[in-house]
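The letters A, B, C and D name the chains in turn, as written, and every chain counts its residues from 1.
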Amino acid sequence: MSDPTRAEIEVEVRYAETDQMGVVHHANYLVWFELARTRLCSLSGYHYSDIEGLGYLLMVTGAELNYRRSAHYGDTVLVSCWIDRLGSRGLNFAYEVVFDGQVLVTGKTRHVWVEVAKNRPCCIPEPLREPFARLASRSEQ
Amino acid sequence: MSDPTRAEIEVEVRYAETDQMGVVHHANYLVWFELARTRLCSLSGYHYSDIEGLGYLLMVTGAELNYRRSAHYGDTVLVSCWIDRLGSRGLNFAYEVVFDGQVLVTGKTRHVWVEVAKNRPCCIPEPLREPFARLASRSEQ
Amino acid sequence: MSDPTRAEIEVEVRYAETDQMGVVHHANYLVWFELARTRLCSLSGYHYSDIEGLGYLLMVTGAELNYRRSAHYGDTVLVSCWIDRLGSRGLNFAYEVVFDGQVLVTGKTRHVWVEVAKNRPCCIPEPLREPFARLASRSEQ
Amino acid sequence: MSDPTRAEIEVEVRYAETDQMGVVHHANYLVWFELARTRLCSLSGYHYSDIEGLGYLLMVTGAELNYRRSAHYGDTVLVSCWIDRLGSRGLNFAYEVVFDGQVLVTGKTRHVWVEVAKNRPCCIPEPLREPFARLASRSEQ
């Protein structure tokens, strides 16, 4: 039923996330993206904290956000995440925030794999190669 | 089944909520408390945004937190909220954050009713009197 | 001495801004950008809260960030902001975060003018036309 | 001239720190307290990151806040911090947030020393004993 290459989470807007314009402050969407990315990673069979446990990081090297409509306190929005591009040394995630059937915000983040012990970029860790290829299968079609 | 005077929500710890100690930063618990308080308010039949819509606020006048154990990225904690004291012009909420059967953090917040148009403290708004009395019934026993 | 078309502020990294990687969480840079944008706006002679007081908003419609190096707790970074493009109905700001002579993060945000009462996009408010043209003079050269 | 047992910092309110009530969200004061605590610690001759470098933490075990007035976007508030109680295994800090001569918020935080390697409470690290005694000298009078 559910798409195995896409994570979708519900996020209830917190009062603290609003600003004096009466809408969600625009920086919070990066935090919601991350929450959906965590869910997507766990679809690989590895929670992101397991990946850190293996000694690797997915360091953020870039982000872009397009804001079309605002989320409000009390809304429960849907945040989706999928792999947009899978490279040998990094990958891009794409995101969509939807409320009431309307797209509020879309975005992308770029990441590189980093081996913590050496503090250096690296190839995708071997145990993750296959699971992430599966996660990315849609975007490679 | 569920206690009608107590709200309990699940909160999945966000990466952004951790700090360089590797645990949830202590300020975030106030945000989680608020999320549970929102849920408790909605048990009254009025979402907190409805209360603001009526022209009233529950202004925070005090908070206290006791930190016993830390929450970590990847944990899904339970945050409970109930009314600890119901007065004519304000009320106190109590909170508990639990993970894996262990209490991590407890706390209280104090609030007064404010009529927005006059920017002044006031009595509990008439339509909320009965619903909040019901919510507080446990603590009055 | 100082460039009248560029705001530069010092930001001391807060412990709460770090995450469990031991560096500043990537969402915080949008907040720092905004702080530098506030300073730039005030160089126009209007604090951004004055602009809101006039009944207008600079709504964020897009953002992009490029992360090269990380800021750490204890660092005091320099955040610069300038107008990158000035249009009749909106403008883009550009940003740079520097520590110890090295660029950590760069970014841009896109904005449109909104008239609050009508909740609609509008032209730049008349009183701001000249001051913002001056602020943008560098980028028009 | 300046009191060697009290840190006072200026904090410019950030737009992102406001909420839809149009004032600073109450959780942010804990973050400002921490910023002032960092400054106070550095008056000991040790930046808090140096203390972490020695292998110790000042873990927060409790906090209380009293909110009297609100801070607003555009305000630059003064946040003060001093040692309220110095014990052999922990200490309490006190705080005051002032704007325009009026006290907005006061608070306290309780802390214990933790030796990171053992993940256990400990006595105040030897090199900090004398500097912190000096910092606390006022409160011991």
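The rule is short, and it goes like this: a contact is a pair of C-beta atoms (placed from the backbone, for glycine too) under 8 Å apart; a residue touches a chain by one contact, two chains touch by 3 or more.
Keep in mind the model is a prediction, meaning the values are calculated, not measured.
*Asks:* Farthest from chain C in C-alpha centre terms, which chain would that be?
*Replies:* The most distant chain relative to chain C turns out to be B.
*Asks:* Counting C-beta pairs in contact, which comes out ahead: A-C or C-D?
*Replies:* Of C-D and A-C, it is A-C that has more C-beta pairs in contact.
*Asks:* Give, as an integer number of Å, the spacing between the C-alpha centres of chain D and chain A.
*Replies:* The mean C-alpha positions of chain A and chain D differ by 34 Å.
*Asks:* Round to the nearest whole Å and give the separation of the Cα centres of chain A and chain C.
*Replies:* Distance between chain centres: 25 Å.
*Asks:* Quick one: report the Å distance separating chain C from chain D, using the average Cα coordinate of each chain.
*Replies:* 29
*Asks:* Would you pick out the residues of chain C that each touch at least 2 other chains?
*Replies:* As it turns out, chain C has residues touching two or more other chains at 15-16, 20-21, 27, 30-31, 34, 73.
*Asks:* Taking chains as nodes and touches as edges, what kind of graph is this: line, ring, star, complete or other?
*Replies:* Chain contacts: complete, every pair touches.
*Asks:* Taking the touch rule as given, give the residues of chain B at its contact with chain C in the complex, in rising order.
*Replies:* 15-16, 18-23, 25, 27, 73
*Asks:* For chain C, which residues count as touching chain D in their complex?
*Replies:* Residues 12, 14-16, 30-31, 34-35, 38, 47-49, 72-74 of chain C touch chain D in their complex.
*Asks:* Would you pull the chain C residues touching chain A in the complex into a rising list?
*Replies:* 20-21, 26-28, 30-31, 34, 52, 57, 59-68
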